[in-house]
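Have a look at these structures, which come just after this line.
Common to both upcoming complexes is subunit A, partnered first by subunit B, then by subunit C.
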Partner chain A sequence: MSVFVSSIAFGLVAASVLAIASVGFTLQFAVTNVLNLAFAAVMTASAFVAYWFNERGVSIWIATLAAAATGVVLSVFLNRAVYGPFRRRRTTPIGIVIVALGMTLIIEFGTQAIAGPTNVSYRMSQGRTLALGSFRLTLAELAIILLSVVLMLAVHVLIRFTRLGKAMRATASNENLARNSGIRTERIVTITWVISGALCGIAGAVFGMDAGTFGATSTDLFLVLILAAVFLGGPGEPYGAMLGALVIGLGTEISAAVFVSDYKDVIAFVVLLAMLAVRPTGLLGART
Partner chain B sequence: MPHMDTEFGTRRRRPHVIAAVVALAGAIAAAVVVSAGATAARSAGSLTIADVAPFTGADAALGPTYLVACDAASNAINKAGGVDGSQLSCKSVDTKGDPADAVPAVRQLFATTSNLALVIGLTSDEAAAVVPVINAQKTVAFGMTGQSEFDHIHFPYFYRLVPADLAESYAMVAIAHFKKHYKRVALAFGNDIGSQTFVGPAIASIKKAHMTLAANETLDLHATTFRTEAAKVIASHPDVILTEALGPAEGAFLSEVKQQNGGKMIPVIGTSAAISPDWYKSVAAAVGASTLSQNFLADNLVIDTSGPAYKAFKSAIFAEKGKVGSTGSFATYLTAPGAVHLYDGINLAALAMVAAKSTKPSDYRAYLEKVATGKVVVHTFAAGLAALRKNQTIAYVGPGGPTRFNSYNESNGIFQIDAYTSSGQVKVLGNLPNAWLAAVR
Partner chain C sequence: MSYYLTTLLVYGGVDVIACLGLSQQFGIAGVTNFAFIIFQAAGAYAAAVLSLPPDSANGAFQTYVGGWQLPFPLPWLGAAVAGGLLALPFSILVGRRLRGDFAAVGLLVTAVMVNLLVTNYRPFLNGDAGLALVPAPLSNHFDPLSTRYQWGYGAVAVLLALLVYLFLRRVTESPWGRTLRAMREDDVVADSLGKNLRSLRTSALVLGGAIAGLSGGVLVGFISLWDPAAWSFAESIVLFAAVIIGGLGNHTGAALGAIVVPLGFLEATRYIPTNFGRPGLVPALQWVAVGVLIVLFLWFRPQGILPERRRRLAGLAEAATPAPAAVPAVALTGRGGSAAAVATGPRPSARSGEVVLEARGLGRSFDGVRAVDGVDVAFAAGQLTGLIGPNGAGKSTLLAMLAGTLPPTEGSIVYRGRDITRLPAYRRARLGIVRTFQLASEFRRLTVLENLLTAIPGQRGDSFTGALLGRRYWGAQEKAAIARAEATLDRFGLAELADLYAGELSGGQRRLVEIMRALMTDPDVLLLDEPMAGVHPLLAHQIGTLLLQLCADGMTIVMVEHELGIMDEFADPVVVMAEGRVLAEGTMASLRSHAEVVEAYLVG
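Coming up: the complex of A and B.
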């Protein structure tokens, strides 16, 4: 019983990391319809930039800002120099996916070439362990959950209560109509890549903190979890991505506690497939 | 008819062709990165040793480790005049740690390297897939895998100077039982082929030693956190954890164990794979160097840490310092199985070529055993070369000790117990008596 309760706590931490990444991914997808499979590779590169600052004495929480900046730069570059030109030429979605896979290889192997093959760890203290019975979390894990909650709230406020958010929703809904209504959609797309790039960079640093040890290829499977959370919640739906992350995060850790840990990720995907069989558009996706 | 852009007189390209070109550029970039450190095979008058191992992917630290041994050995051999005037050079072949990538990479190696004299590396990630290919090409290979299938299937050209996983499992349990008198044992091994082969023999051995199997957790090497797995291990109250999980998994799992156990590390016994600079750097950063030094032991084949063989090996290895990327304590290479045994394998092969008066593997293979079991004991290629020129029979004894191949081309020595100091140096706590191993087999 105690391991089961502990796994709920662990699942919340896993869900928090996944939520930051999934919301960033789905924002990009919603506004641009680009399945940016290089997202996880950008996370890794950002995590290593945070590591570079952390090794020079900067607190990892401050170095996360550098990771966010890296995510922004790489994401905007991907949009402007890679995906944008292909979109303008009306490349098919599968063509964009192939391009994204190519960029994944370039960024991932480039990171490994620069950072080396050795796995690294951030210099950070986990802090005291706070326990409520078997529900145990360290201060660092609580901080990750809190950061995720703050970012999700920020995304919620942006989407619901700002003009920018309104413009993003309009562009996501119908880009041509939004443009004809006077919205500068190219600018909205760029701003979306900036926001999602920042979330991507922060997700990379938080991923590194959560994993404890990471290398250039550590996010390979994590991308699949991101896709699972996004499509479980409904592609292009930020609130769906948050919910999907919670289901996947809790599902993987609880299944490791209840069943054998070998299959924890498999069970998460079984849940995903079962949900999509019942509701193909995802939990919060619009029914067609 | 394709659409013609009449304004510019050029044909419009199809976007998805460009998309495929970008993807191809990505693959080429990956290949360029991997081959950046490789030394290209030279033309006639040189011999190539191929390091077939992961250089990218989760086990990317292994290939470069073996390359250090290859460069150290080949440079020392070249200084002594090479093999009948031919200079040795090392070439990296990236298997990405995946059999699906390894087989095409090895086939390409044979297609493009006409002066290939020897293959080294071959980890448990890819050995089962590529050893038959290499053997069919009649090329001698020294491998690092301890997989149990090679204990029973004979590949005439495939040799191992490292212990079978079966033997290492017994050694780990013997250390836990006889050296430390532990009663409750938890197992935590990675879900790759190489690590999982330890589990069955370890369980049988624990039972034989009348110890209790407290927990058996499989660590998904692609997972990023192991909180629940660590919680399950801690909840079983083990005295010790036996483990092998390559890549970032080991550090991530052990740091979770320490953290959830109130900051206290449960003692750990690892395999010989843990005696490597990259493993130490990764895990020490995760749990703390001091914690690791106080709570970690590993089994390893006996390796000389003094004497003429060790002196020559140390000199050769340290000549490579600074040529390899940041790997942590370089001195750990002096006891790392991947460095010691492949260095010995290359020296054995080079001496066999001299003795056979041929660099063709099909010719010199028969001399591998002969140059290990002759009359005059030598500890370096140069000394062996001098003796062979006097028509003496030699017994090469390198830092890995004497070589005696069994019918499956495996040579095992005695096991020793290794630990790390808090500065990352490996210290030998003693040899593992054969009686201990026999008691748990």
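Coming up: the complex of A and C.
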């Protein structure tokens, strides 16, 4: 029982990291219809930028801002300079996915060429451990959860209560109609990629904190988790991604505690394949 | 030096075989199998456990299933079989309804997960350490370390690559290969022409998988070890890069790509000393370069170094002697004959006026919007029924449901007394219900003639086995089919364009290709979605006349059209739809006096 309870704590941290990444990924899909498989590679690159500052004595929490900035720059570059031109040329979704894989190789191994093939760790203090029975969290873990909750609330407020959010939803639902209604969709798309890029960069840094050590190719498996969370909730659905992240985050950690930790990511894979086979629009997505 | 060269030779053969398999799957059939590398892995593991002794034999330093010590060439055969069998479960993912990029993501993730499972689970295939000491083929007869053996191995690998190439040429340059390419261009349209997408994709996966498996078997016999690091998902991307760079849809290009990318780029440089930079820098930069190559090629030369060859078939029928065992409707071909000769089915045609196709309470909602709302309508043989209504009235949705492209959310469809509501589109097409599309739906990278040929049902070479039996088996019938397609082209005045890619035509010409293609299926019910849009008025008039002639021979035609002049002239009766419902039905003349109709549509 205590293993189960303590795995819930791990699961909440994992879900927090995953939620930041999944919401970023799904926002990109919502406004551009692009499955940006290079997302996890951008996370890694951002995590390494944070590491560069961290090595030079900057607190990792401050360095996370640098990771966010890296995520923004790389994501906007990807959309404006790579996916956008291909999309305007009416490249098929499959073609874009292949381009995204090419960009994954470039960013991931570009990072490795610069940072080297060895794994690294952030210098950070985990802080005191707060315990409630066998439910234990370090202060750093609690901070990750809080950060994630704050970001999710911010996304919620943005989407529901601002003009920008309204324009984003309109663009996501029908780009042509939105443009004809006087929304500057080009700008809305770029702003969305700025926001999702920031989420991506932050996700990279907190992924690094949560993982303990990481290398340039560490996020390959994490991409599976992101995809599972996104498809569980429905691609393009921010709230779906939050729900998906919670289910997948808790599911993987609890199954790791109950079964064998080597196979904890398999549950995400099974969920993803089941959703693709049965209901690719996700639990919160529209019926086809 | 000799070892270096023979290694390159073997790797070259293996890479060419693998890329040919992928070329068949991706380049020809358009199945984006990002899990391709696990099929090669399956072949390598299969060959290994088929040729290794039981794992207890060598002190159990490695654990694995099997260990059957089978003699050569059984391990290689087993490798191909393992690759082919592994493909079967994937037919679920490449089924009909899933968006292409979603299916591709599913396959990619599968590759990552299978690698993870094999890495972590040791008893099955020795986990992350992999299998070592795999016996070389015929090692009891020859010394695997001798130079002669190694050169021989290289020669066999190259010979196998050549055989695979010839084999694939044979099955690709056939009616079956043409159908695969049609599916690659537009699967929904291929479906509507009677092509079973699931079975076509599954056979493409199995074929490519078996070839990938063979490549793995050949490789493991030479390098004698195989571990999960050798088949990370990124290796699939390398093969994709090779096929894209070589030329999609061109097997020669794929072979060239295999020599340029995996061999020239990754394997060859592996043996060049890498004394500059820190360790790991050169491999990392190689991966970066593969990524750069993919993106640059897709941007600047998406057709690859050797683009897909245009299949020029026009005129091939000239020398043909009419084959008795020809396509059903071929016998009815007559150049310059009456329009009715274009397609008259063998099926017993209904008496004029008899109801052939009927919608009962048919409805379809999108996100709560009722696009079609409980429509009851019947279409009779020998009539050209017009379907008009303002934009968003549900005309195209109704047509899509009748053809099976879109499943209805309520109601039923009856065809000649049989409930076909749940029948998939390709089955309906085979029954004789064929549609055209509102948006351009020609197979762009098939020639005009090929577009027409694809639609002809019952071709002997339009199956894997048929294609395998070769031109001798299907050639005569193909010539007859070409003659029939050319006669149709003649009638529409497009004979000159036979060998052009359909994607190169003007908008109006494409509409004609679509109508001709639908006629080639020899339909009983023809559902036309704005067939005259963008067609020259004079030609539109000719088409209308032709359609009336087809009706006179018993065909049932339903036509959505906005041009009321055409409706006036050709359609009777005309059904008016508005907001998902049938508003009125009758002759155009009677409808013009119908107040509601005038209000809803005619005045606007």
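Points to keep in mind about this one:
Here is the rule we use: the second predicted complex is superposed on the first by the 278 of 288 C-alpha atoms of A that agree within 3 Å, B and C clash if a C-alpha of one lies under 4 Å from a C-alpha of the other, contacts with A are read in each partner's own complex, and residues count from 1 in each chain.
Simple rule for what comes next: contacts are C-beta pairs under 8 Å (C-beta built on N, C-alpha and C of every residue); 3 or more make two chains touch, one makes a residue touch a chain.
Being a predicted model, the structure only gives us computed values, none of them experimental.
Superposition of the two structures on subunit A leads subunit B and subunit C into a clash.
Of the two partner chains placed by superposition, only subunit C is touched by A:F269; subunit B is not. The partner that reaches more residues of subunit A, of the two candidates subunit B and subunit C, is B. Once the two complexes are overlaid on the shared chain, A:L227 sits against subunit C while remaining clear of subunit B. When the two structures are aligned on the shared chain, A:N36 is found in touch with neither subunit B nor subunit C. When the shared chain is aligned, no partner comes close enough to touch A:T44: not subunit B, not subunit C.
In the superposition on chain A, A:V13 makes contact with subunit B only, while subunit C stays out of contact range. When the two complexes are overlaid on their common chain A, residue A:R90 makes contact with subunit B while staying clear of subunit C. Judged by the touch definition given at the top, the superposed model places A:A277 against subunit C, while subunit B stays out of reach.
By the document's definition of touching, of the two partners only subunit B reaches A:V120; subunit C does not.
Clashing C-alpha atoms with subunit C after superposition occur in a single stretch of subunit B, namely 24-32 (options considered: 24-32, 204-212, 276-284 or 312-320).
Taken together, the two structures place residues 82, 86, 91-92, 94-96, 98-99, 101-106, 109-110, 112-113, 116-117, 216, 220-221, 262, 265 of subunit A in contact with subunit B in one case and with subunit C in the other.
Those residues of subunit A that touch subunit B in the shared complex are 2-3, 6-7, 10, 13-14, 82, 86, 89-92, 94-96, 98-99, 101-106, 109-110, 112-113, 116-121, 126, 129, 136, 138, 207, 210-222, 253, 256-257, 260-262, 264-265.
The touching residues of subunit A, counted against subunit C in their complex, run 35, 37, 82, 85-86, 91-99, 101-106, 108-110, 112-113, 116-117, 216, 220-221, 223-224, 227, 231, 235, 262-263, 265-266, 269, 272-273, 276-277, 280, 286-288. By the touch criterion given at the top, residues 15-16, 18-20, 22-27, 29-30, 33-34, 36, 55-58, 60-61, 63-64, 191, 217-220, 222-229, 231-232, 235, 247-248, 250-252, 255-256, 259-260, 262, 278, 281-283, 285-286, 325-328 of subunit B touch subunit A in their complex. Contacts from subunit C toward subunit A in the complex involve residues 30, 32, 34, 92-93, 95, 97-106, 108-110, 112-113, 116-117, 120-121, 233-234, 237, 240-241, 244, 278-281, 284-288, 290-295, 298-299, 302, 366-367.
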